[in-house]
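Chain naming follows the written order as A, B, C and D, and within any one chain the residues start at number 1.
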């Protein structure tokens, strides 16, 4: 029999709809059968069948007449994070960087063309807790964050084109790079410098510095960043001191990953 | 048209299978099409369709030929936890209890008849990190933990019967209560005392003390516990001092939940 | 000419409506002309005239098309508090009591038959910040709090009857005293003991102990209380230690007020 | 029907008079009917009707024959402050600045062309408590304080002209800028520097440094300042160190506001 992966994939509507139900329960913070049916524009009996099956499989709990996502997702999520190479090798580096700079530090990676938060840690002067917590729960675009640009700079150019085609270059502030050529120019600078900045490109008053974390073969695995108010990320601190610190943490994380790989082939 | 929820539910095989695929990817720590097909005993083309659809919906990522759960699960899991009433009101109490006792503290609740970890925090002498981290990622039975018994003691008796019927009373140690009548007798003691113990019933050498956390209407929402080695949880500390501390933290959590509810109706 | 205060008062509808507009702007967190007109069931041109006049008098600010209460209210409110005899003489006592007990301490008084918060201070273990902050902004009934009962116990019986007639005896928990005779019986106990308790009468899991603060002529001026979770306000602490501490603070406040009065007639 | 807001507003005399009564009760620290009637030059029966209605609406209390503002104003005032964006995001920054400098720190904004205190906090060496407490209760002119000038510098020039036309440029000390052109020149300097000084322009011997806090669109929302004796606010501290610290706190407050706005659109 021939390899199915060589054919263009057949999408399964019911599987996709199951994912929609899960996302809807998150979005609506729980829902009854009728509310869910209306939200997804499906019949009530269909909504009821989805919910009952997901509950049977322990992905959903029911209290009174409201269905909610179960704690199964916390378990799955923790497992995913625990197994992520950047969490395993970068967590202690992120913590040390937050300690050293007093600001917010993030470990991020790209999935499906979007930025995904792996770990965040707040230094003692870190601001914007509510924002970072909210953002942690939403995949966001890559082109206006320091980590996002650090990752884009090391993805194949064709992949970057694909991502821009899919998501566009939405403007967040006056400084956001919304022009394709300007972005590619910026990514060249990132590669030259070895780090990316976010100069009030996402939020007015907030800057960030991010460095890529790359695997043994050069593939970019993600990035680490420090972010904070422009009045603290300025002058030498912005142009020299913090970039050096961030790059060092990225480098230590990479070395730790490589040593771990190497130890397996000893 | 009549209410679908009055009929016995129709389970959707494809939805259930989607859940199986997700669980399998967690179990196998990622898998290729062939490996997944074999594991679930489905055709390769079917496995491929499930994976492709889940990837399209961003629940799965692919690297080389291996499919893994995406960080979407971390986001969903964090949202589920953030919205849980025991996390919102009990987190600071769990931290204070760990600080005060130096041992491991857990916030747990029951879902689908199993114990689910909501939050854990290690005091400075806490032991068994690897065990607690592993356990955090698996729903476990209720009858041999202090939190599990604290919850069972306040569930309707019919529900407890149901849970025993479904999962049985597996033995973990010599002390595990594996007899139905003995368990009901134990639950009566829990109600009299206001707290439950785990006296080496899960792990030899480890004791725990758990108190139920109940809502305004008396429904049990979950439990909080402290656990540690028998040599530190003994004598007065085991029989009086720690039970009092655990009950206080449960009570403060309950009061905090009730005040929050009350403030909404001011 | 005769004294107008001997006649039954003539209520001025426009004055009353001005107060309604102020309350509505607080309730709605600011409003446009149309929203306010609908909320108060008045014409748009009338709403516009009220808002414009209040703005002219600096009680209201306008941003875009939304009218909000101005900071004039903060100034007026601070002046009212600063001049309140319980704030002047009781603030330091409330702070000392919070320090000493670690719980929430309140200074309250009765106005228009309702409880008004004058000052609150949180000890280091105090819980329910959000509730107390919300409550601070709403006048509440007197019959289910320790301070409320401490005040009612020393008001003329006819005044207590009047207050019950106006507001009733709403139930907050199973323990709330909702029977008129039972309340009068309770107030007798308060007078015998010299302090009042709130034994989970407002919130399940929360107790409080309140003592009246009375003027030189015996008139009750308000009350001071300590409140916290039942697990900490129990046994001797609930029946002896805390009542003694609260009464002492009330007594010191009274003495301070009397000395201040006396110093003016030296 | 046409939009009433397009017509020039009709001021309601009774509404305005209600405001006058409230202000008079504050000014007079409570008043009897006769005293109020004389103070406002209205008839006793009219004064009586105003007071009775305001009391009916719980804005006024009566003890013996004296009417006073009720604690309703404290509630309204606290709500106004709690909802103010500068309080929400600037309070912790003001506290940190007071801690760091040891001096008095203020959060202010402009309403009706006057300066309004939102929050004040005293560092450990802060002086002038009585002055700052008194001032907190009165709206004051903008042209002689560092916060006032920081705000004026970022208001539209036409609005500044309007404010000067309404309130004039009263002299407080020899250094007060009382000339319109000199003030506009000074505001240009403020914009160049990014902060404003009060160089003994309000009180001899007292200096202050204030920085504007601006919204995402550049609108000025208010200002933050540090003030203290000239002997401590001098040399480098006056010209470099403190301006940098104040600007940083303003910037962090701005960034926090922007992040909060951004998190709502995630």
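To be clear about the criterion, a residue touches a chain if its C-beta (ideal position, glycine included) is under 8 Å from a C-beta of that chain, and two chains touch if they have at least 3 such contacts.
For clarity, every value in this text was computed on a predicted model and none was experimentally measured.
The rotation that brings the Cα trace of chain B onto that of chain C spans 60°, given to the nearest 5. Note: centroid distance chain B to chain C, computed from Cα atoms, is 43 Å. Each chain gets a centre from the mean of its Cα atoms; for chain A and chain B, those two points are 27 Å apart. Put simply, the C-alpha centre of chain A and that of chain C have 49 angstrom between them. Centres computed as Cα averages put chain B at a distance of 52 Å from chain D. Touching two or more other chains at once is no residue of chain D. In terms of inter-chain touching, the protein chains here make up one closed cycle, each touching precisely two others. You'll find the chains touch as A-B, A-D, B-C, C-D.
Of all residues in chain A, those touching chain D in their complex are 127-128, 130-131, 134-135, 138, 140, 172, 202-206, 229-232.
Taken together, the chain A residues at the contact with chain B in this complex read 1, 3-5, 7, 9-12, 14-16, 18-20, 22, 26, 29, 33, 44-45, 48-50, 52-54, 56-59, 61, 65, 68-84, 109, 111-112, 114, 116-118, 133, 136-139.
Listing the residues of chain D that touch chain A in their complex gives 216, 244, 247-248, 251-252, 254-256, 258-260, 262-263, 266.
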